[in-house]
C-alpha cells in the first residue's frame, strides 16, 4: 500500500461496472463480432462467459485465442454450437482439440495460424495504437507468405499487423469496482494484453474486492480497460 | 478596446482552468500536460468521477498531498510537482503508459499550445527560433487521445492570433485538436471550420473574431463563458 | 545391423532426456518445448541452478506437484501438464513472455524436430501432407534463443535420416539449431559443417554416418555418449 | 503467495548477484558505452549508481534517459563531470536542467530528441527482439525527418527502430537474490523496460529480501534480466 498521506479518497460516485449476471454481461455482443478469448490450454479461460455467450446463441464469430478448446470445454463449446466462422490462433490441433479438428476437416470453420509470439505481439500492438511491428519470427516460412518483408540493419523481418477485437472476454483473479484486475499464476497468459485491444472488455473474476483494497503496485490490468465484470465465484467453482 | 481594458475582461489562468475542468465528463480518463493544464485538477465538479492519467505511469493522479511533508519523489506529476494517488489508482511502466494514450483510451487530453490551426493541427513543443525543444509526451498524447483540448492565451504577447489558418511553428500533431479554450473564447474545431461556442463577458463575438486570424463560424447558440 | 539389434543400442527417450539435461549449464535459463523436451527437467544435475521458462509466462517452471491433488489449471506447462514454480520464480503475460525469447534471454531452447539441415534450418511444426499445423511458440523460440537444441530420433519410422542437406518439411526457423541430440548421436552444427561429437555405444561413427544424409565431420575427439 | 504444494524449493546454489559496493557494481562499465538510465524527473533515478560511475571517471557515454538531470543531481552529475558525448531523451530542457542547457548551448554535447512514447517503445522493441515498429506519433513533424514512413490501411506511420544499450542502471524498491524486482509508485517509469534492453543490467534497490519472500504475482522485473545489484539503503537514504 502507499505511504501515509499519498492517497486521495474517491468522493464522486463511480460507475457500477458489475453486471447482474453472465447473461447480462454478454447481452450486447453482436453476431459477427471479433472476440478475443483469454486463456492458454485450460489456464485462465473465461469459461463462464463462454457459456453465457453460447447460451445467448451468438453466430458468425471470429475468435482470437491461442487454442481451440479442450474436449467439450472452453472454445470447443463455441465451436460445437456453431458460433464460430473463423479461428485466429497459434495451436489449433492439440490432442484434446477434437471438436475443432472435426469441424476444420469438414470445411466448416476458417483458420489463420499465427506464431504464438507474433499473436501476442499483434494483440499488444492493437492495444498500443501501433500500425505494426517487425519481427524475425517466421522469416523464410510459409507463415510469412503474403506479408511484407523489410530489411533493417541487414537483417530480414516480417511486418506483422495489429489485431483488435470488438469484444474481449477475460478471466481474472481479483476485481475491484473500478475494474482493476489481478491474475492467478499462469492464468495470466493472454488476458492482460487482450484487455488492451478490444473495444469492449468483459471480465469474469474469481473474487470481488473493495475499492482501495488492492495494493496499487500489484494491479496488472488498470480498470480503465474494463467495461464490465461478473464475479465467477457465484456461478462456478471451476478454477 | 485598449490593452488595459482588455486585460480586465480576459479570463485569468485560474478561471480558464475552471472552464476547462467543466468540460470533463463523468467517467472520463484525462491526461493533463505540463503547466496550465495541471491547474484544472482541483476544479473538476465534486459529483463527477474523472480520473487523471500522467504520462509517467500514474493512473488516478490526484491533488498534491495536503501535508507537503508527505511529498515523495516517486509520486510526481509530469511537470514534476508532488501529487497523490486517487483511491483505486495504479501504476504502469512507461511503455504501458503510452500504450494507454496511443491506444485511444484517453477520453481527453488537455495540452498547452503555441498555435492551433483551422484543421486542428497543433504546435506546442518548440519555438521556431530554438534549435530544438523538449517534446516530452505531447506528440504521443495528442495523436492518441479521443479529444485533444488546447488551453492557451488567445493571442501572443505581441498580440498575434494563436489560432491560425496554418501553423507556422513546428508541428506537434496533425489534425488533433478538437476544442480550443483561451482566455477569450471556446472554439470547437469542426469539419466545417472553427465554431465559436463561447466568448468572455465584456467582449462581443465580433471582438473575438477581430483577435482571431481564421474566419470563425458564429452560430446563434453562441453564449458567454460560464464556469 | 538389423532392426532388432539396432533397437537394443539406441537411446530410450529417457536416456536421451538425461543426455540433453547434462548439456544445460549452471545459471542458464532454458525453454523446453512440448513433448520429449519436457522430459529433461528432472534430469538436470542437482548441483546446477537451471531455470526453465515456459512460453505461457512461467519463469522457473519446475517438476509436477508431488501430490497431484494440488495440480492446478492455472499452473500448466506449454504441453498442458501440471507443474510447480521454483522458489523465486514469477509470472509474466504472453507478450512479455515472448519478449524474453525473441529478446535473446534464453540461454537455450530444447525443441522437438522433424528435420534439421546442415546449416541449422529447423522443421518441426507441421507435416508436409497436412493442410496446416500447430506452430505454437516454436518459431519465436527457435529464432530467439542463444542456442537451439533439437531433440529427436535419428531417423524416421521409414528409416530416413532426419538430419538432412536441406529441409523438405515446412520451415520453422532458418539457421537456428546449434546442436542435435538423437537416440544415436550428438551432432554440433558448425560453420564448417556437422560435427559428430558423440555416438551411442554399440554403434561406430561409421554406423552413425550411414544413418545420416549429410557428410559428418568426425574429429579425433569423438566419444561415446555418457549420461 | 502460491497455493499449497505448488512451490519447488531451490536446491542448487544460486549465483550471487549482489555486488560488494556501488564501485564494484559499475567496475566493468567501459568508456564509450551506451547507458540507459532509469527515472523520470526525480522519481526512480539510480542516484547511487550514477555517483559510482562518476567517481569511476567513465568517459564518452551515450546516455538514454527521459530527462537530463535536476540541477546538479541525477544525469546532471554525469554531464557536469564531462562523461557524456550524447543524450537520447524526450525532455532535455526542463527548467531545472541548467547543466545540460549550458553544455548543449556551448556545443559540448550531442542531442537526439525522441517523443516520449516512442522512446519507451523503442526501448521495449530493443528488449523484445523486434526490428522496429510503426507509430502514428510524429507523422508530419520534424522528429520524423529521415525516418521511413509506411502506409498501412490508409494511415501513415513512422517506422521507429529499436534502442539497446551496453548497460542499464536501474532504481528498484525490492530485490531478491535472483534479482527479481519491484518498484516504488511512479518510480517505476522507464526502469522495467530498460531492464529488458541492455546487455548488462545493474540495479540499486532500496531493500533486499530473501529468496521466496516476494509473491511471484507482484514481481515486475523477473531476475533473469538483472546482472547484479547493490542495496541502496546501506549507502543513502535518498528515496
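Read from first to last, the chains carry the letters A, B, C and D; within each, the first residue is number 1.
One rule holds in what follows: a residue touches a chain if its C-beta (ideal position, glycine included) is under 8 Å from a C-beta of that chain, and two chains touch if they have at least 3 such contacts.
This is a predicted model, so every value here is computed, not measured.
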item	value
Selected from A-C, B-D or A-B, interface repeating C-D by over half of its contact pairs	A-B
Taking each chain's C-alpha mean as its centre, the one farthest from chain C	B
Averaged-CA centre spacing for the pair chain C and chain A, given as whole angstrom	30
Intercentroid distance (Cα basis), chain B paired with chain A, Å	35
Where chain A touches two or more other chains, by residue	2, 6, 121, 124, 128-130, 135-136, 183-185, 216-217
Chain B residues counted as touching two or more neighbouring chains	72, 75, 85, 91-92, 95, 98, 101-102, 144
Pairwise chain contacts under the document criterion	A-B, A-C, A-D, B-D, C-D
For the chain D and chain C complex, residues of the former touching the latter	2-15, 124, 127-130, 176-178, 180, 196-197, 211-212, 214, 216-217, 219, 222-225
List of chain C residues in touch with chain D within their complex	26-27, 29, 46-51, 53, 59-60, 62-63, 65-67, 69-70, 72, 75, 84-92, 95, 98-105, 144
List of chain B residues in touch with chain D within their complex	54-58, 72-76, 80, 85, 91-95, 97-98, 101-102, 132-141, 143-144, 170-174
Of chain D, residues touching chain B in the complex	40-44, 66, 70, 90-94, 96, 111, 113-121, 123-124, 135-143, 183-193, 220, 239
Interfacial residue positions of chain D with respect to chain A in the complex	2, 6, 121, 125, 128-136, 150, 152-153, 155, 157, 159, 161, 182-185, 215-218
